[in-house]
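Order of writing sets the labels: A, B, C, D and E. Residues in every chain begin at 1.
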Amino acid sequence: SGTTGGDGEAAPEGEEELPEVSGGEEILNIGYTGPLSGPAAFYGENTVSGVRMAADEINEAGGFEVEGTTYKLNLVTYDDMYLPNEAATNARRLVQEHDTPIVFVPHSGGVFATQVFNEQEDFLIAAYTSEPDILTQGNELTLRIPPAYDQYPEPFVKYQQERFGKKLALLPTATQYGKDWTEELVPVWEEHGGEVVYDGEVDFGKDTDFFPIVTNALNQNPDVIFVGGPSEPTALLMKAARDLGFEGGFMVMDQAKFEEMDGVLGNYDDIEGAIGMLPILNSDALGAESFISSFEEQVDRVPTAESAFNYQAMYVIVEAMKLAGTVEDPQAIMAQMDAGVKALDEDKFVWHLTGVENNGFDWMASIAAIEDGEIVLIEE
Amino acid sequence: MELFFQQILNGLTVGSVYSLVALGLTLVFGILHVPNFAHGALYMVGAYIALTVMTALGMHYWIGLLIAVLIVALLSVVMERLVFSRLDSKDPLPIMIASIGILFFLESFAQYMWGSQYQRMVTPYGDTIQLFGLTVTMQRLLVLVAAVFLMVLLHLFLTRTMTGAAIVAMSQSRNGAFLVGINATRVSMLTFAIAGGLAAAAATLAAPINLVFPSMGNLVIMKAFVIIIIGGMGSIPGAIIGGYILGMAESLGATYISGDYKDLIAFVLLVLILTMKPNGLFAKGVR
Amino acid sequence: MKRSKKTYLLLALLLIAILFPILMPNQYYLQILILVFIWTIAVYGLNTITGLTGQLSLAHAGFFAIGAYGLGLLTTKGGVPFWLAFVLAIALTVFISFFIGLIALRTKSHFFAIYTMSVGFLIYLLIYKSDLTGGVRGLIGIPNPAPIGPLTFESITSYYYLMLFFLLLTIFFMYRLFHSLLGKTFVAIRNSEELAETLGISVMRNKLLAFVISAGLAALAGALYASYVRFIGPQMADIHVAFEILLYLLVGGIGTLAGPLIGTFIVVLLTQMLQFLEEFRMLVFGPIVVLLILFYPRGIVGGYLMWKAKRAKKKQILQAQHAKGGKEHAVND
Amino acid sequence: MLVLKDLTVFHGPERVLQSINLTVEAGELVVLLGANGAGKSTLFHTVSGLVKPAEGQLHFNGKSLIGKSPAQVVAGGVVQCAEGRMLFSQMTVQDNLKMGAYSYKRNKKAIATQLDYVYELFPDLVQKRNASAGSLSGGQQQMVAIGRALMSKPKLLLLDEPSLGLAPLIVEQMFSIIKEVNKEGVTVLLAEQNAYAALSISTRGYVLENGRLSVEGTKEDLLENEEIRKAYIGA
Amino acid sequence: MLLTIDRLTKKFGGLAAVQDVSANIEQGKITAIIGPNGAGKSTFFNLISGFHQPTTGQIEFLGHDISTMRADRVARLGVGRTFQTTHLFEQATILENVLIGHRLRTKSGLFDAIFRTKREKEEEKRCLEKAEDALDFVELSSLAYESVAQITQEQQKRVAFALALATDPTLILLDEPAAGVNPDETDGLAELMKKMVKHGKTVCLIEHKMPMVMSLADHIIVLNHGELIAEGTPKEIQGNERVIEAYLGGNSHVSA
């Protein structure tokens, strides 16, 4: 069964403190495997804290009821150091030892490695990765949480060509995601009459200094630079361009967040004219404000999209469980996911989520630009 | 042409950082006879300490640098006392593994202490200036000058003082050093202290042009390995020259060969050199 | 007397290994053991070149990855039947490692270590940058091992037996190698290349053979890994994997027969047991590694052998005091 | 000056030295004879503080040396020129010699004086002063090793097989230098295989057998002892 | 002639360690090489045994030109050697050390190892026999299971002899076999060398111990600064002015 009954049990290894349960209530374990140590630890923490916050809120509100039983959530987290085989091992452990019907996995490698057996062993993967291939394999029990990135290039290109010009330098992160993004972006840029004057990439895991590469890019006199990767080094890359005299605009991949750039730069002056993803801080969704304030209170920093989207995913999944009338049948839960989105209270939305399509959440585009040092929402 | 000189300047900046890190590594190599993998972690801890002194205590950048150098030197000595001095110096593999263990610990410790997020070190030297048509930030200039200063200082120490010479002597014959009355314990501690201090100085100098995060040491440590091999293990001039060569090769390579494969340059260079000269560039003729 | 006790112990262990899935049908435990088996094979590979022959190779994550990618690419993109691809992947690694070894083995000690580290890094970058390998995204859809006669490989239990089979095969192989003239030749090279050469041993040829065998075993482990996890990414060629393999070897005992198995088992178990520490796992794991090395610089098996030798020596001295003659000799394995 | 009393030393489980009683008076040149593996080097290592004794006492000028580090022993004036030379092979000859003055490293003048003295003893080294020690021939290296030991201004000089592997001509020179050094006031304890030459320049001698002192006596006693002649001098 | 050396020169950078040396080594005899430290004696051995490649000149052994042959091939042709600083496999017992000495006469490879073929078993047995014979020859059978670290200098020298003998050499090169060995035991080693000759080996040694050299050698070659300065019987050499001046010095050590 997918539950652990009673309150007397000692917490097994790897679990948080168990939520309080009174008579008749049961505990439902939710699994998470992600990078909690190593270079990607910060990213892992961001994803897990969203899930945790939602779970805590749900518990504080008295849990949720499915078929007459009240459940409280217990998040079990394991570190996989961003390694696929470790993720698979953790997932097996979560399912075997903790009976988790759902495992959150925030990286494509981990998702791929887990997809090998999740249908057979009957659990749902809540995947926080915009890698398209996780859904093309036809795995029925995988839910994509973040938005697909193909909604960004069109508005990005339009905005920048209008504001700065037609010459583009490419300096995205040297990851597959960066490459995929570039492949999506460049045709759009060229369709609109632009040209690519410099084609490069930056390996944020290995570069000590961005000056050499930026010097080369600027040597081609671009109007706009396409950047992306972890927010902070990306911000520094943009600053390096400014230091070296660049005055044009930036297109920023969705992986990098303005709000995190603010953390290292102190203000938005150096990235004036950048277009990218709207910070959750600036969200006008009804639940955003309370989410932001309690996140800041608990985690002591500004929440990013990773936390927000995972937070909301946890709520939607609980809604889907209620509708499916089961906490342990992933198939049934998955079938109710779209309905779950629609059933969720509006004041739990941190960003506009319209439903579930092809096993992926369907978010509204959230694009913003920096104009005169301020974040401005760009509407299509 | 301007591009060329700008890249030379960029290369020199990175090269300075590489050199400082490689110097510490090569010094400690003389004692351990094994590359110390934890050296990169000392680099990282140095940056964090300076940052903490600057942000939490509101002290000046230079005070941050000084305190970082002192604390990391101490940390390095503690490492030597608790671990390396207890291992047989003739057996390289356990030393290597121990240094990896320390690396794991320090990285994790940094995450615990300072969090895993990227942090920025803001210095009073953020301004950009134009020099003969080239763009530099003050901080970069500072890196260049300070690195040269530290290297000259170290060179003088090693060649002009007996204590410095003792470090060199010990790397060549441990027992010989005992027999002339060199206090091996003290020299070994001193060597680790200097190496740690250099790493912290390098980190605090370089951190403002990049970011501070737990795995930042990995960026430079691999390169430093390559440098001390190219420059000759245990060779001080080798480490300095090697550092600058690599820094320059990377920035010029990115410009004139391929930007995408820039980080390959160091390793291709090394593989080529060792393929032709299996004992490194500066191999000694004596048996 | 003594010998039979040891034989019984080994038989008992084997029996436990065979009955384990029946006694403990916990898939998580099986998963751990499967990974232990796979890694152990790779560690035996490293032991051949580093333990027996004395050349510290840091390229073994690379060979592991070539084995895995060889199988992955041949099956997913080449349409080659599984077992043929399996053999080809290992052969390919052996072939590549031959040429790498030819050049790399001209360097010695630290130079060899850093040279192979660079080779490993280049393999990593090649996988990372190449389109053929799927780059950072990795390779998905690697098929199950094809059935052999009535044996199919779909359940985790069947995987368990498959890996156990290959592990036993590897151990048998290593046992024979250890006790052969060839194995002694490798050890002679480890002890002194110069002396070995004066004794008419072609150092280069033997080192190359050891290197190729060791790469082959790493590739076997890689291919098994790919067929089990069925997703591979460039991170498996990362230098950290090379260090991890080395760590398993050193904790177990370098140059010993039982070391790779014991070391891998203990370290993997330890990392799993420390999972409850979450992000602070390494905070505890690092010091444990350091302590292990401080107290057992020759690894657990190495430490045991030394203890045994010491005891034998003491006994010998005692015996010598009583009467002369009648010397026992210990066999190192 | 140097007094060893009931000194016992182990290497692991093996007893290498057993209840050694040995004295060296100031100004003497004492020879230590013994077969290979008798424990001569071990005895020297123990005096130098490189090996810790299990039992017994070890005094130099009335002060115990037990528990002192090698550096402290050298600073106290007991300096060893070890078997195998242990030079700093990539440093120059001059720097090697200078390192010998480590225990009084701040006194630049004293270093210079002592350096002159050593170059006087070994004129061959003058022209090699800037060559790296590793590039010298065996005999020259041995000179550097002795010179370096003398740089430490020893009161007691321990010489462990200084003639090992040297050409007869050099051996001859070596012994005359040792004699000269001794004449100038340095007490010497000399371990040698070349028993005849060693005894010729000595005042007294000991014979070490399997870790025990078996014979002791004056130069004449030992040279005339039939067994010693047979075992250590040959012919 | 077993070994013919023709105008052999070896340069290290600017230094000629061996210069224009021509010499012969006769079968079944003991040839000694003497000369001051740094004269190039060890280098001379290194050239013969293939550890160094000559700059110019020829070395012919049993009709083969071995000038540029690798060390292991030279060994297989029948040249055994010991080193100036005793070189042994430290982490093994004496028997294990000597066992590997005969490896060059065996052919078992990976296949034989894994399948434990008949050949492997036979060759293992042969190696063991050879090793036991060699240990017997140097009178160390009783120490077969001791570890190398435990034995004395002189015993180590003997093990080194045994190791060289296990390779079935025709010519055996010994670099300062008696260095650091006391006179009594030196005599023992000298006996051993004579025994080798009796068993059909040709011995060539480098040594500074003149009494031993003079009583043992049939023929002496004297090197100085890399050049051959004299050659002849012990008597001739002892009276040679140049040798006395460069090497022997006063006569005391020759007779002592």
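By our rule, a residue touches a chain if its C-beta (ideal position, glycine included) is under 8 Å from a C-beta of that chain, and two chains touch if they have at least 3 such contacts.
Which protein is which chain? UniProt says B, C = Branched-chain amino acid ABC transporter permease; D, E = ABC transporter ATP-binding protein.
A quick note: this is a predicted structure, and the numbers were derived from the prediction, not measured.
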If a chain touches chain A and chain D alike, it appears here: B, C
Chain separated most widely from chain B, comparing mean CA positions: E
Chain A-chain E separation of Cα centroids, rounded to whole Å: 73
Centre-of-Cα separation between chain E and chain B, whole angstrom: 47
Between chain B and chain C, centroid-to-centroid distance (C-alpha), Å: 33
Averaged-CA centre spacing for the pair chain C and chain A, given as whole angstrom: 38
Where chain C touches two or more other chains, by residue: 279-282
Chain A, residues touching no fewer than two other chains: 37, 41, 45
Residues within chain B bordering two or more other chains: 107-108, 111, 116, 260, 263, 285
Chains grouped in pairs wherever the two touch, ordered by label: A-B, A-C, B-C, B-D, C-D, C-E, D-E
Chain C-facing residues of chain B, complex: 34-35, 83, 86-88, 91-94, 96-98, 100-109, 111-112, 116, 222, 225-226, 229, 233, 260-261, 263-264, 267-268, 270-271, 274-275, 278-280
Interface residues, chain B side, partner chain A - complex: 3, 6-7, 10-11, 13-14, 17-18, 107-108, 111, 115-120, 122, 128, 135, 137, 140, 206, 209-211, 213-215, 218-220, 223, 250-251, 254-255, 259-260, 262-263
Parts of chain A lying in touch with chain C, wherever the complex brings them together: 13-15, 36-37, 41, 44-45, 77-79, 82-85, 88-90, 92-93, 95-97, 108-109, 112-113, 115-117, 121, 131, 133, 137, 175-177, 179
Chain E contact footprint on chain D (complex, rising order): 14, 34-37, 83, 136-140, 161, 164-172, 193, 195-197, 230-235
Of all residues in chain D, those that touch chain B in their complex: 48, 50, 69-71, 73-75, 79-82, 85-91, 95, 98-103, 105, 132, 134-135, 148-149, 151-152
